[in-house]
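Chains: A, B, C and D, in written order; residue numbering restarts at 1 for each.
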Amino acid sequence: MSAIKAAIVGGTGYTGVELLRLLAGHPGVEVTAITSRAEAGTPVSELFPSLRGHYDLKFCAPDIEQLAACDVVFFATPHGVAQAQVPELISRGVRVIDLSADFRIKDIATWEQWYGQKHACPELAADAVYGLPEVNRAQIVDAQLLACPGCYPTAIQLGFIPLLEAGLISPENLIANAASGASGAGRQGKTELLFAENNDSFRAYAAGGHRHLPEIEQGLGGVHTGSGDVRLTFVPHLLPTVRGIHATLYGTLAQDTSVEALQALFEKRYRDEPFVDVMPAGSHPQTRSVRGTNMCRIAVLKPQDRNTVVVLSVIDNLAKGASAQAIQNLNIMFGLNENQGLESPALLP
Amino acid sequence: MSAIKAAIVGGTGYTGVELLRLLAGHPGVEVTAITSRAEAGTPVSELFPSLRGHYDLKFCAPDIEQLAACDVVFFATPHGVAQAQVPELISRGVRVIDLSADFRIKDIATWEQWYGQKHACPELAADAVYGLPEVNRAQIVDAQLLACPGCYPTAIQLGFIPLLEAGLISPENLIANAASGASGAGRQGKTELLFAENNDSFRAYAAGGHRHLPEIEQGLGGVHTGSGDVRLTFVPHLLPTVRGIHATLYGTLAQDTSVEALQALFEKRYRDEPFVDVMPAGSHPQTRSVRGTNMCRIAVLKPQDRNTVVVLSVIDNLAKGASAQAIQNLNIMFGLNENQGLESPALLP
Amino acid sequence: MSAIKAAIVGGTGYTGVELLRLLAGHPGVEVTAITSRAEAGTPVSELFPSLRGHYDLKFCAPDIEQLAACDVVFFATPHGVAQAQVPELISRGVRVIDLSADFRIKDIATWEQWYGQKHACPELAADAVYGLPEVNRAQIVDAQLLACPGCYPTAIQLGFIPLLEAGLISPENLIANAASGASGAGRQGKTELLFAENNDSFRAYAAGGHRHLPEIEQGLGGVHTGSGDVRLTFVPHLLPTVRGIHATLYGTLAQDTSVEALQALFEKRYRDEPFVDVMPAGSHPQTRSVRGTNMCRIAVLKPQDRNTVVVLSVIDNLAKGASAQAIQNLNIMFGLNENQGLESPALLP
Amino acid sequence: MSAIKAAIVGGTGYTGVELLRLLAGHPGVEVTAITSRAEAGTPVSELFPSLRGHYDLKFCAPDIEQLAACDVVFFATPHGVAQAQVPELISRGVRVIDLSADFRIKDIATWEQWYGQKHACPELAADAVYGLPEVNRAQIVDAQLLACPGCYPTAIQLGFIPLLEAGLISPENLIANAASGASGAGRQGKTELLFAENNDSFRAYAAGGHRHLPEIEQGLGGVHTGSGDVRLTFVPHLLPTVRGIHATLYGTLAQDTSVEALQALFEKRYRDEPFVDVMPAGSHPQTRSVRGTNMCRIAVLKPQDRNTVVVLSVIDNLAKGASAQAIQNLNIMFGLNENQGLESPALLP
């Protein structure tokens, strides 16, 4: 089989370089173009010396003909960009994997409220497939437009899903206390993201309301089997790390359930999932244990044997939380082995 | 007034060097001895070069006569040590400030269960005063034996106290998601505390049960005015920072309360407290904003205007969480200005 | 004596907040104004929460009358700003302490070459006193315009001075391999200074030529007693730390000199200096041992007893490398105790 | 061809887990055993959760029969261990790749002086091949006992080799100012390696004499073509990073040579080397650009066009500085493609 031709739109950010890093080891995909207006003409290996010897590509200005000649186009752009460019690509038969937030939310009013702008193509949003393979694998196979989940939503949903599918916890007072490495905030030069502002310090941010909240509530609402609406209190924090998301999730057990039963539930739910690892009871997964990989590691606890269940869920925000999950989706969409290009163990230490 | 003579037992750890650092700038206290069996004879400035030029002291083997000649003795030792040595000091009229966990818990059975050993002097534990000035200032004045609160318990109690005193939240499903810098785990060489094990990574630990849990529940139980027992789910995490505790607290409002009313409640409760700073609504306190100081900074939020209240509380684990709070207690015990030796702003950046 | 009235021009950067932090504990100085066009009207404690409770000041737009009413004005501005504003202040009798590079270099052509612009007042540059107290204390006393040394130049000069004054090393092949924390690069949002770009990584920068080179060569040339010109190879590096400069200096011994003689030379040279600490032979000073202080710690070595002498010199770039040294200079200029406001030990750990 | 059977002796350290990480992606090698007395019976994935799903191996006690049944045995042990066990393996025809220092130094008296113990098999040391492929590739092919270079020696030799081979610099006053991430010091719990001791700080260590010095001088002496002995001043530093070595090398040009000629020299020398990347003139290689890879990136500079040449050389201490270079050597020894298992780009950011 000839290689799948892929392009990356907006490749100067961290999800762009992460796509390139992972695709360098993917035998079935060839990156034919990577666009950036600001860096057009610059070799990718100049901006990212880690790629010297791996790519001869230069960033190029976006060109619809070039993109339309690909089998698949990744959007690694800020929100608002993909929705303007995707319709034409879709209409010309190109499959699109969007890593931005443009097509994650089905309710357009909600999207417009949280992202503060008019949505450019609500009709496509309705057709977009939400790319969380652990829930939507069947639909992903045929997706024309794939909306890759956000980083926090991936870690948090994978931690709550077994409990909500089984109706074991009350959906109305979920708590997700999560922390992300600084790469999650992007590669833009901003004072609050400086090394000197964040090293040896820690803080919450957007505790009053983060854009990933409606995405998570939508996803959890879709799998919840019991009565009541899903309502989540979500407080993100900024870690002095480059990568990694650690979610500490709290739910109130609707009925008495032993920790052994909880463990068994999680193990069964994810038994066939190549990228969800349910660790032994009592484990404390570290973010470094998934660094650079598509893996989500999960542990479930029931402290003091009371009625609160605690789930610890870790991913790499740039990998399972973005670019590696995008490749997992590509593998599913194109009928490849699901873990192609995603087999390397995490970099530890 | 002549200076208060103070000794430090077990001074080679981080709370020891922090006491020395802070007392170097305290005009009313003179450190006359600092003990360490292992380092007896070593100048403190050799172990801690930051103190070169500030102290001529050498570590010395513990000598009861030398300690008994002091006005106050700090114990900066692992648990189990103070309870063996304190009785004689107390009987000889020396006041003791214990930074360890030996006298924090009133229920001896609970102490013995969590610390895994027999308590050596339960009768003294009953008399010990729990040194959280924001709750116990009056009793601290006359304390002979002062039990300094733990680091997590300080940050967490200060965040929950106004809500529980006012009976505004249900006491039975409190959640404290907290994170500490690595200095909180001490200066012992352990693989899991190595730089190479923790940098650029993050994890929970002791999620199944941390020794600070009973201390916090005891303290919160003491201030709670409503019905029901205090039950806390407490999940600590290890930050890749040297100092700092960040507690993210969640409570369920027992009745509808506006965020403005919550803010006013906190501001009123701590209006006269020199070391609790209620930040403006919507703030996200950073651990670095209290680095090296006795300050606790707090923000209160009510995300999405739902019925969950979120409190963010930060301290420096070695300062307000240990040695600076010990000095605050000393100032109260000896009738000094409460903020003597504790006035310097935090080191930022 | 009434307090010295001081203003800070350009106070939103790291040297500005460091001046405020240190002056909060200085009994003889009152900060009456701090200027920033961009942040005019913002309370300093809003931008820097570490200062909450310490200052009621707001940033204000620069106003010459307000500045002229002060005893001393600090310039904590990028180069090019002070030279435009200082002449009028000087003419009105205000003393100026400039933390920028505007008046450090005596040779105006050299300044213009390295800083890439025309100098606005060469005549003042000639009168400016270079504020390295260990060399220029006598002149500092009467300085009207004080040029505070750069951070690298402070650490590097203090390390080489004893050797060059004594004519012990060849001046023509000096090597300064130095590393700085990220705060040295300022508080501007730039991609290359992001946390995600620098954590867990290390690199040299400006190895082809750094602006501090001519300043260092000028200073060392001034103290060198032997024949030959001072020529320095200076390679700076960017550390994944917030603060700290570590200089590793290499010189070729012009004549055989024992390590004991070298140690004695350094100890004698700095015996009366309150802020230079010559550590025991064989020491390896850590940057954290001077964190937040005006101290420079130095160790001298002679590896393998060959003819290369190695000097290790550490300072805090924002303190002895900028704001604390500025206060040391103020103390000297105004006849105060030289270490007022500068007595606190370093924050360790 | 059937897979090469490999065992790892002493696999609980960082070079052990790094071998496992890299070999997980090597199609030609099967790890059949990994030994550790202390952890015998523990699954490797329990100690290193990053390997969950990649290995079913448990650590086992060393068993000579099991080791003798392998094609190759890696020693990832402290010095002194391999020399006791290697002779029997060699005599039974097993090829050995030793990552420790036991067989790097040809002069046994020098080895014994620096390592402070008697060498157990000097005769084998004479036969051992020093595994720096860029110098010794031909001998490596047939090596029975391969001594893997140290981490500092790899980075420093690769930077100096072109200059010394060409006789362009004086060999007698070489300077290597180098810095290593904390993983280079191993996984033993030691106070001085704690996170709280090293984060946000930086220091030199072993400046008076580091064990890698004689190894480097031996290697450089072997390639130097001019007159005079190689004498190096080598000052190592401890970085607050997990991985990475950055060497900043200084040499005095023996004759005037343009920076263009220097650049051309390096490019020509390493043109055919798969794992040495000569970057464009003026580059500043970052340690993260080689994180997790076998690559050495080098830049050459001639500051101020004076007679000092500066070479910047970065590697990953655990990869090209240890385990990846070991695999490169294995590939050469067993006639495999030299970059098998070593193709992945660095993890950046």
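The rule is simple: a contact is a pair of C-beta atoms (placed from the backbone, for glycine too) under 8 Å apart; a residue touches a chain by one contact, two chains touch by 3 or more.
In UniProt terms the chains read A, B, C, D = N-acetyl-gamma-glutamyl-phosphate reductase.
All figures in this text were calculated on a predicted structure; none of them were measured in a lab.
Engineer: Does A-B or B-C have more contacting C-beta pairs?
Structural biologist: So, comparing the two chain pairs, more contacts are at A-B.
Engineer: Starting from the Cα centroid of chain A, hunt down the chain whose centroid lies farthest away.
Structural biologist: The chain farthest from chain A, judged by C-alpha centres, is C.
Engineer: Superimpose the Cα trace of chain A on the Cα trace of chain D, which carries the same sequence, then give the rotation angle to the nearest 5°.
Structural biologist: The C-alpha superposition of chain A onto chain D needs 180 degrees.
Engineer: Calculate how many whole Å lie between the centre of chain B and the centre of chain C, each centre taken as the average of the chain's C-alpha atoms.
Structural biologist: 36
Engineer: Any idea how many Å lie between the Cα centroids of chain A and chain C?
Structural biologist: Computed value for the inter-centroid distance: 45 Å.
Engineer: Rounded to a whole Å, what is the gap between the Cα centroids of chain A and chain B?
Structural biologist: Their C-alpha centroids are separated by 39 Å.
Engineer: Taking each residue of chain B in turn, which ones touch at least two of the other chains?
Structural biologist: In chain B, 14, 181, 183, 196-197, 199-200, 240-243, 285-286, 288, 291, 349 touch at least two other chains.
Engineer: Residues of chain D touching chain B in their complex?
Structural biologist: 14, 181-183, 185, 187-200, 240-242
Engineer: Quick check: in the complex, which residue numbers of chain D touch chain C?
Structural biologist: 173, 175, 177, 179, 181, 196-197, 200-205, 207-209, 213, 231, 233-235, 237, 239-244, 246, 248, 250, 252, 282, 284-288, 291, 301, 303-304, 306-308, 310, 312, 314, 349
Engineer: Within their complex, state which residues of chain D touch chain A.
Structural biologist: Interface residues on the chain D side: 14, 17, 20-21, 24-25, 48-54, 183, 199-200, 242-243, 277, 279, 283, 285-286, 288-292, 295, 297, 318, 343-349.
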